Amino acid sequence: MNGQSLKQAGRPARPAVAALREIDPTKVIYLALAATLVIGWVLVAVDGGDFLTVETIVGIQQRSAALGIVAVGQTLAILAGSLDLSVAYLISLCSLVAAETMAGRDGGIAAGVAAVLAVSALVGLVNGMVITRLRVHAFIATLGTALIIKGVVDHLYDGPAGSVPDSFQRLGYDRIGPVPVSALLWAAVAAAAWFLLRRTRLGHRIYAVGGDEEVARLSGVRTDRVVVLTHVLCSVCAGVAGLLLAARLGAGAPTVGTDGGYDLESIAAVVLGGTALAGGKGGVAGTVGGVLLLAVLDSVFNQLEVNSFFKDVVRGLVIVIAVAVYARRRKGRQI
Amino acid sequence: MSRNRPLVALVVTSTIVFAAGCTSDKPPAATGQSASASAAPAATGAGTGEQSKFFVQADFDAQLAMRTKTPQGDASRPWEQAIDPQMVSTAKYKKDGGVHLCFSNAAVNNPWRQVGWKSMQAEVALHKEITKFTALDAEGKDDKQISDIAELQGQGCDALIVSPNTTATLTPAVKAACGKVPVIVFDRGVDTDCPVTFINPIGGYAFGADGAEFLVEKVPAGGKVLALRILPGVDVLETRWSAAKATFDKSQVQVVGVEFTDGDAAKTKSVVSDYIQRHGKIDGVWMDAGATAVAAVEAFEDAGQPVPAMVGEDQQDFLQKWKDGGLTAIAPTYPTYQWRTPVIAALKILAGEEVPKTWKLPQPKITSDTLDTYLRPNMPPLHYALCGCEEMPGFPENWGGKKS
Amino acid sequence: MKRTLPILVVLAVLLAAIALVNPFFLEPAGFLAFVKRAAPLVILAAGQYFVIVSGEFDLSVGSLVTVEVVVAARLIDGQESATWWVLLLLIAVGLLVGLLNGVVTTALRVPSFITTLGMMLILSGAVFLWTGGAPRGALSEAFRTFGRGNLGPVPWSVLILLAAGAAAILLMRSDFGRRLVATGDNERAAALSGVRVARTRILAFVLSGAAAAITGILLGGFAGVSAQVGQGLEFSAITAVVLGGVALGGGRGSVVAAMAGALTLEALFTLLNLYGISGALEFTVQGVIIIAAVAVGALRLPAWLAKHPPRKQGDTHVA
Amino acid sequence: MTLLGMRGIGKRFLGVRVLSGVDLDTAAGEVHAVVGENGAGKSTLMKILAGVHVPDEGTIEIDGRPVAFGHPLEAQRAGVAIIYQEFNLLPDRSVAENVFLGREPARRGLVDRAAMEAETRRLLDELGETSFGPRDAVRRLSVAQQQVVEIVKALSVDARIIVMDEPTASLAEHEVELLYTLVRRLQRRGLAVLYISHRLREVFDLAQRVTVLKDGARVTTVPTAEVGPDELVRLMVGRELRDYFPPRAAPGEIGEVRLSVRGGGNGRLRGIDLDLRAGEITGLAGLQGSGRTELVKALFGAEPFAEGRMEPRRPRSVRDGVAAGIGLVTEDRKAEGLALRQSVRDNALLVARATAGRQARGDVRALLERVRLSPPDPEQEVRYLSGGNQQKVVLAKWMTVGPAVLLLDEPTRGVDVGAKAAIHDLMRQLARDGTAILMISSELPELIGMSDRVVVMRDGRIAGELPAGSSEEAIMRLAASGEAT
């Protein structure tokens, strides 16, 4: 699936025709998003409904906030040439840690947030260490971590536990006009990640490591450090999502992460946003678009009361088709 | 391996610290529904492990008592019956003209919910006065159901039916909705009494006890019982097991194992075969849901052993097996006909008729005597017999059955 | 062979540990029961191996297995007569899905991780769209024999496993096998040597699809109709293959090791069950062991890593 | 004064000694060549200097102060920069981002793109490079341009010691000239340049001193003024290598036409007329980008002709080409020639297995002996072989199907002197056995020494043809200006 970019490096520039065919995935995804909105609006109107009500707009944002935050983290991991399958269980864990620590006390909020950040960062550290020090493929490493967390959570919890104070629930329910606080939180996280990738050294190095780890290493980048840091950030994003969900649910839930399918869906959203699964290419802007697209689709289906099985079929098609479109850029590489 | 120990240790310990450490100052669980977590205390009882945090003696006693009470109403329409109802006035919700009924569904991701969902749609179709029926499927996601409920409030529903995905976590959303429309909750409950009525059958304790008592009666003293559970951490299932456990602990039977099957038939069969191998003979099998009952039965057949006393559920494939194999069995039920009741309740409420605050539906169990009345060979294997849908238009095709 | 050895050792140890607790395991009947149980996963892993060694992933096998069983139940609907053509149809479905995965991945250049992830969603959605949410119909006795019945003392599934295993080994010894590995190792070099890279990869996916079909047939036979029979199998299969020392990213590892990996995984489940580790903590142990096993595999050549630091196919990359 | 001093450097991999007791020192403003056969330890020595490997024994001193590098970063900080043979650039990032990778200039912790690009621009100007800018994506650059980026990268560290590992390996003649001027400019700036090359001409053109390594040990260090090429070769291989090239084909040995093109053309090529004859080695010369590689790929069917006639047939795909009895030894062994993690046997049989089906296997070991693979162990993984041996495996790969026409693109690039001779003999042997051979080489002495005639390309056309033994100048003139003598 990759290793090609590396070989490209030594080869002369490709003919201009290929250059013309290049597509900027970020543009594509936002075009697709716009198109979906229009089509959705029409379909719902035909169905006799009203698509763009405040409720639906808020709904779209509410539904996408948690996934959005996870996906931003996942973007970092994937850009660095890694990926994280443990986010779903980590989210469950974090929602519980938050709710348990707060235990309904306003005073507990600070402690709860701190605890979540600590736990998630720790898990990210473990992921990163296993991948870099023990040289375990990220797929297996994070799958293993996922199982470990699952076991611990299932062992300790028999269902929703703990509770977050009403003041904290506002994070999940309040909104400024049509914009929920949760959406703002997502926006903040995304902006931070964008800034990180664009303006900081770590950001540049994440692209480098994802583009070609060996090149980065020989250029003096401490690649292992970058990978570990990236995983910490990715896990912390999952932690934040866990906090958000705890606020939404008013309690911690041992299955909220997996029910949400945040692991594979976040990866799907990232790739849908045009980030190359092999790493080194793409960015947060695309991911945000990808998440929104999925959310809008969801919302349209909701309005039309399409059953969930049909939704899955469409989701699957959308993801594959989108990536197929992006893949046209890599044309001319094959022999 | 050794290289990883520290890592795991980190994760595990940190979790335990955060979990246990923080629950210590949390007040003990108040109601039966709210859960509090803590590191597991030491095992007790006859191989049945520690009692679940969900176990609430009062509810347990109440449910067991309910089983013997005669429900009010037409016995031929159990979904309209109620066990000692405390009626509440709904005059303030009275409304004329067409009804826009809304439903926030937790999921349709298993056969039980499929059967129920179809029954509910059929029920809606029965009532001309329902001009619009809007249903959103949360696909088993708490977060989605919360926004679904919020979204429905914007669609001018006259009444909102909620089948919560989980208990504690949906309470805030339901509370919010109560302010705007009359809310009817069924199947799982929520930690608030703001809904006009909460509809469900007697409940998990009764379900669990029905099966356990049957085994205690059929299995000779000292006999070996294997308990199969789907998965930990689901309140409904927890109550079933905790009731069974309470029953077993009082009895002479020996519970040789409590295993989780993830509702996976293959795993169930493997687990049961392992136990047959290890113990030579198993005298009874209890399970908290019937999905894998047939697989368990087959494990005995394949091992060339007589099928012992079995607890199943009202799924066709099990009833069929029961009939064909002349098993010693019982099928406690968690009737899917409860999906009809909320629609009826909603219409009552909007008509200003009073309804029970907590609407307890009867929860029959299928025994060898009643087996034939429930067994319907023309229905799909995972159809639930107590759908109360036999008389409805579109039966059996809409429920996946064949005309016969 | 030298790459196959470690996993065989681990397997032997686990089997010994099982036998220790459960002597019946040593009797033919006991052992056969174990193999019978493991057969579906082993076959699935063999299929997954072809895809992984060619440098790709197949995440769709889990839902494909579910599809196979649900489709079988609805089409057979209890009539013995329907068994045989349905069996053929099921295999065809498996081949077709594999073909689709392969074509989309090679012709449209969609990373197989995404192709098969999409396929996973599409399949699970489509099949229940078709049956209206829950499985209907029933399997015939003839159908169930393959997963459940015995030929004399030997379970059918064990015989099928032996056949499939032998076929897989021969296939990897054949020209196709060598071309497949070469493709996974260096696509360009293979192509410039006249290997039809795309066709080779497609064939790998087709084999994986076929394996999923057989797995479905065996599982359906073993345990009957269920809506979630295939759940999570894709991860088990990939884990098994990797446990066998096959590198994600392609180009190295043997099919024997992959199948041994699957047996090891199954033995692990059995063992955890026997030692009665709490239902939940089982996963934790599993996770640790998987990471550990793969880590040990990777740690065998630190000096080598120093000499040739991992390139793109290196361990920290998704191939 | 000595800028760099390496003393008694020793290194083992998997217990195998690759370096022992190597001394090397160089002064500011010196170009110091390091030569030796592949496997002599040149690259390992340089990687130790660059902090990629940690030596088991020995010390490194810079300005007389002892240093120890655990990571390339530390070497950089100490002023050591290395330009690897296979470029270390990220195709999808801009020139500036590549130049400052790992050392991004920052203001208040934030990357200062403006400064980054300005500085890159400055360095490019300094090297008189205007054909591309700091913001261009490296993917778009030609090989030569990419090398300039590598050099800028090295300069940007203010390196005082620059290691160049086979810098001309992928350059055309005129680009080599550019490189020369660059190196001399660096030298004037008072940098020390460690120059690794197989091409002795460059060593004598550029270096003041040369250190010869053999089997991981230093043979000697001498001023280039005091040795001659033959002497140097003897020091490297430890034997006289008179008669560098095998004898050309006698007129009688050249047989009928095995492949002929008339008016062949595609996106990159126009009006190609070419005949390849049995028993003849045809040299293909031309500047980088003149279309040499494109031509062989077109003949082979990898990037087929869109127009023109071709006998026996015009291949539309690689398989067509192979079926038509054509074989191609590609320019980039590692990327296009071999499945590195497979065994010698699997690589040698790859073509046969891909195209010929069951027959055409033969005895692998015999084949390996025929190509003089040493040791001829079929089970060895090819990535552990030296460049020379790897190239021999690539040749073996094609010999299994006995092609009528064999196209060789830079067959001896990065191959040590000993293996080079072996490959040359093998080529001539194949020709004698009736194979028609077309050989691309940027190394004119080799091209002239091997070819029975030289075809010169320019701008995707065939500029002309020169007889055996033509002068380098004649070839260059034709290649550069299209004028024949």
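As written, the chains take the letters A, B, C and D, and residue 1 is the first residue of each chain.
The rule we apply is simple: a residue touches a chain if its C-beta (ideal position, glycine included) is under 8 Å from a C-beta of that chain, and two chains touch if they have at least 3 such contacts.
Note that the coordinates shown come from a computational prediction; the quantities given were computed from them, not determined experimentally.
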Exercise for review: Starting from the Cα centroid of subunit D, hunt down the chain whose centroid lies farthest away.
Suggested key: B
Point to revise | Chain pair showing more contacts of the two, C-D and A-B | key: A-B
Check your understanding: How big is the gap, in whole Å, between where the Cα atoms of subunit C centre and where those of subunit D centre?
Key -> 43
Review point. Taking each chain's centre as the mean position of its Cα atoms, how many Å separate subunit A from subunit B?
Key: 34
Check your understanding: So, what's the distance in Å between the C-alpha centres of subunit D and subunit B?
Key -> 72
Check your understanding: Rounded to the nearest whole Å, what is the centre-to-centre distance of subunit A and subunit C, using the mean of the C-alpha atoms as each centre?
Key -> 28
Review point. What residues in subunit C touch two or more of the other chains?
Key: 133, 188, 191-192, 279-280, 284, 288, 291, 295, 299
Exercise for review: Would you give the residues of subunit A that are in contact with at least 2 other chains, written as numbers and ranges?
Suggested key: 5, 7, 130, 134, 145, 148, 152-155, 212, 214, 217, 307-308, 311, 335
Study note, to complete from the structure: subunit D residues touching 2+ other chains are 302, 318, 335-336
Review point. Chain pairs in touch?
Key: A-B, A-C, A-D, B-C, C-D
Review point. Which of the residues in subunit A come into contact with subunit D in the complex?
Key: 5, 7-15, 17, 19, 199-201, 203-205, 207-208, 211-212, 214-222, 280-281, 335
Check your understanding: In the complex of these two chains, what residues of subunit B are touching subunit A?
Key -> 3-4, 7-8, 10-12, 14-16, 18-20, 22-23, 25-26, 35-37, 39-40, 52-54, 107-109, 134-137, 139-144, 146-148, 150-151, 153-155, 165-172, 176, 231-235, 238
Study note, to complete from the structure: In the complex, the residues of subunit C that touch subunit D are 175, 178-179, 181-182, 185-186, 188-196, 251-252, 303-304, 306-308
Study note, to complete from the structure: Within their complex, subunit D touches subunit C through residues 13-14, 53, 302, 318-319, 321-322, 328, 330, 335-342, 346-347, 349-351, 353-355, 357-358, 383, 397
Exercise for review: Would you mind writing out the residues of subunit D in touch with subunit A in their complex?
Suggested key: 50, 52, 71-73, 75-76, 82, 84, 86-93, 97, 101-104, 106, 109-111, 138-143, 146, 153, 170, 267-268, 289, 302-303, 318, 332, 335-336
